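Consider the two complexes below, in which subunit A is the common component and subunit B and subunit C are the respective partners.
Right, the complex of A and B next:
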């Protein structure tokens, strides 16, 4: 039996625009996606903001009813058998909310343990163990209100492990964390992976997906556009090289000129401090540099690097430079 | 439901009660509703009523205490689900195996029991500041009336919370619902002073039967028939609210999952 089986899943949000003359608008957040996850697998859902990752996770964790299609988690239908499923899964949504800030960390865990029907004798042992696991033992008796974002996120991890769930949904768990906090959290996830927990992780950090996931689904505009192992996804860009150019002030029309070049496959722009880093994917490698320089002439340029493509480049190519 | 699951759900109810007490003990809005507002009402009522008849003092104390009880239920109990939504904990509460009704019951129980302090505060004010003689003539029936009052109020809160979550337009009328219940339930003066056509509305309110039982047992006018009627109505309304709330919660949570309104994002 698969841990997750998703078939033609679809979710449409209905919104209204205007006050006097209200018009109804349907927004398709998840559009006919299908995938499955094996027991013990760490499956990643990659996609830009608004791609449909969180909506998918909310449907799989019983918090949102799909508009169409079916989804089964641990053999239970997420709509019809939601009550039976809830005690067997755990989830984290990125961000600081979802905890009782006026209570201390220990009381938060004690309360959530009871909600998940963990026996008091078990929680007395499990809570200190989890606090130790996420490095919050010394701060457990302090109000959550005073916790940093990273500490709240780690408390979320402890919360979701209280009932020792068979399956975990981690929706952008490292978002907003400092590099050290994010690395510690990834170590915790690796530990859970070693315990053979089935995990569905959403992220838009490529190195995180590359380092952790057994398999990845790339989702964009609500549709899964690629489904493969990290190595398999990298093969999408084996025929390409990446030219990185530092630009100090990148006008939109110059970007359009670069995109229109016949030897350019995909372009994305990353803002780094005062500059923009142009990532140009091209089959020509260093031979593309003179043409690019000519197109960008008149702009203030910094260093130019030609390198081999990474998983991130494969992702950028798949989502068409929207990342 | 198995006995073991029921025991675990009850544990959640009592832990919710404990946790809620901890949280509202430091909430200044709650303290205003429990202590300050009932005291203001008590002072005004004592000035208006007791010069004519000092025996009205206990009526004033109980009545102003009940205003605190109702205001707390309306604002704290009524908002118990909505507040979870604001703080982002509603999704965590829905996606766990304990039925949400146990959580709301525990939260309302904490709010209502804590709001009984408003009755104690009014009692202390009348006794110490105004030097009025206060005596509960039928203490045991009074205690039973308090227990049933708490039960019926807590169950009433189970209806208010999902209705407010479902319909924000109703919630906008929350302030307007405070004083009419003070009046219709006869907290501070008998409903006999109101026009006759309002009486059926009073009879439909569990707070009316609570006020009737508490006032009567305090001044010693409660006959066995009177007690049977008031207690019976409180038990009946409480049970009806409890049964209906289970259906209401199920419908509303399904609607919230369909409309994607469990979270704020």
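Right, the complex of A and C next:
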């Protein structure tokens, strides 16, 4: 049996815009998505902002009813069998909301333990264990109000493990964490993976996806555009190299000219302080540099580097330079 | 079966504890106690002097009893809606709806502490009546009066649960609460005898919590027996149960709509 089976899943939101002359607009958040996840697998969902990742996770966690298609998690239909499913899965949506700020960390966990039907004898042992796991033992008796963002996110991780769920949905769990905090959280996720829990993770950090995930699905505009292992996705860009050029002030028309060059595959721009870093994917490698220099002549340029492609480059190529 | 019962009893108690602890993280115990003791005094003095001034001094006990019982509506309405409305601005609804918890136990548990809190408020109010306004309790069947007070705080908390759900569906919480509170002041019979209200207003009175509880308390303090006022008490509990049921139905409707329309994160 598969841990997740998704077939032609679709979700449309009706929104109204305007106060006086109301017009109804349909937003297709998830257009048509199908994929499977095997038990014990750590599956990553990648995609630009608004691609439909959170909407997909909401449907799989019974919080949103699909407009079309079907989804089964742990063999239970997410609509018909929502009640049964809820006790077997855990989920977090990145960010700090969703806790009782006037209660301390321990009491938050206690209340959620009762919501998840955890027996008092079990939770008496489980809560201290989880607090230790997420490094909050010393702060457990303090009001959540005074927690840092990272502490709140770690408390969410503990919350979702209270009932020892078979399957976890983690929507951007490391968002907004400092590098050390994010690394510790990845360590926790690896531990869960070792316990053979099935995990669906969404993230915007490619190295994170690369380091953690067994398989990745890339979504764009509500559709899956690639589904492969990290190594498999990298093969998409094996034939390419990346030329990185620092530019101080990049006009849009110059970017257009670079994109139009025949030997250029995909271009993305990353803003770093006052400069823009151009990532140009090209099959020609360093041979492309003179042509690029010529196209950018007149602009203030910094260093130029030619490097091997990464998972991020594969992703950028897939979503067409939008990231 | 037994396990289900145990799980839900625990959920109920944990919810009660949660709203209790959260309240004290909000108010300091001294502030809470001060308001618990002074608020009944202020409202009883105000309405009793106003009432006896407008009618006659002989009516003091009418106003004292009415306004002492009326105090139940403060915990019932404001306490319970604050506990439920708190979930909205803390963003916990998404996480609550993702749990397998029994919604009724989760929902009703939040009101439990406020029932106790309401009883305490009413007793303090009656105490002030005895000490300052010469309320005579010598004819009173105390256990029966306690039962009446319990029934009344139960029913006002039921109204609170319904209002808490109304506030989830988004109207301005404080506006709705104040509206309900003042409606009770007019319709409960605490200050205006229900018999003097026009027919349609009296009909509203009998559909609201408090009205029967106040009438029963007046009867008991005047020396009537539990058997005489029993129909009023039963009626009060039934009114409370209807409000809880309405609140619960609204809560489930809200949950379903939020999943169907995707409005959960808007709250």
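Descriptive notes on the structure:
We adopt the following convention: the second predicted complex is superposed on the first by the 322 of 323 C-alpha atoms of A that agree within 3 Å, B and C clash if a C-alpha of one lies under 4 Å from a C-alpha of the other, contacts with A are read in each partner's own complex, and residues count from 1 in each chain.
The rule is short, and it goes like this: a residue touches a chain if its C-beta (ideal position, glycine included) is under 8 Å from a C-beta of that chain, and two chains touch if they have at least 3 such contacts.
None of these values were measured; they are calculated from a predicted model.
Overlay on subunit A: subunit B and subunit C clash in the combined arrangement.
Judged by the touch definition given at the top, the superposed model places A:116 against both subunit B and subunit C.
In the superposed pair of complexes, A:318 makes contact with neither subunit B nor subunit C.
Of the two partner chains placed around the shared chain by superposition, neither subunit B nor subunit C is touched by A:140. By the touch criterion defined above, A:61 reaches both subunit B and subunit C. Of the two partner chains placed by the overlay, neither subunit B nor subunit C lies in contact with A:37.
Subunit A residues 13, 58, 61-65, 83, 86-87, 91, 93, 97-103, 107, 110-112, 114-117, 120, 159 lie at the interface with subunit B in one structure and with subunit C in the other. Only residues 7, 10-11, 14-15, 18, 21-22, 25-26, 86, 90-92, 94-101, 106, 259-262, 264 of subunit C touch subunit A when the two sit together in their complex. Here subunit B touches subunit A in the complex through residues 5, 8, 11-12, 15-16, 19, 22-23, 26, 87-89, 91-98, 103, 254, 257-258, 260, 262-263, 265, going by the rule given at the top.
Listing the residues of subunit A that touch subunit C in their complex gives 11, 13-14, 55, 58, 61-65, 83-84, 86-87, 91, 93, 97-103, 107, 110-112, 114-117, 120, 143, 159.
The touching residues of subunit A, when paired with subunit B in their complex, are 13, 54, 58, 61-65, 83, 86-87, 89, 91, 93, 95, 97-103, 107, 110-112, 114-117, 120, 159.
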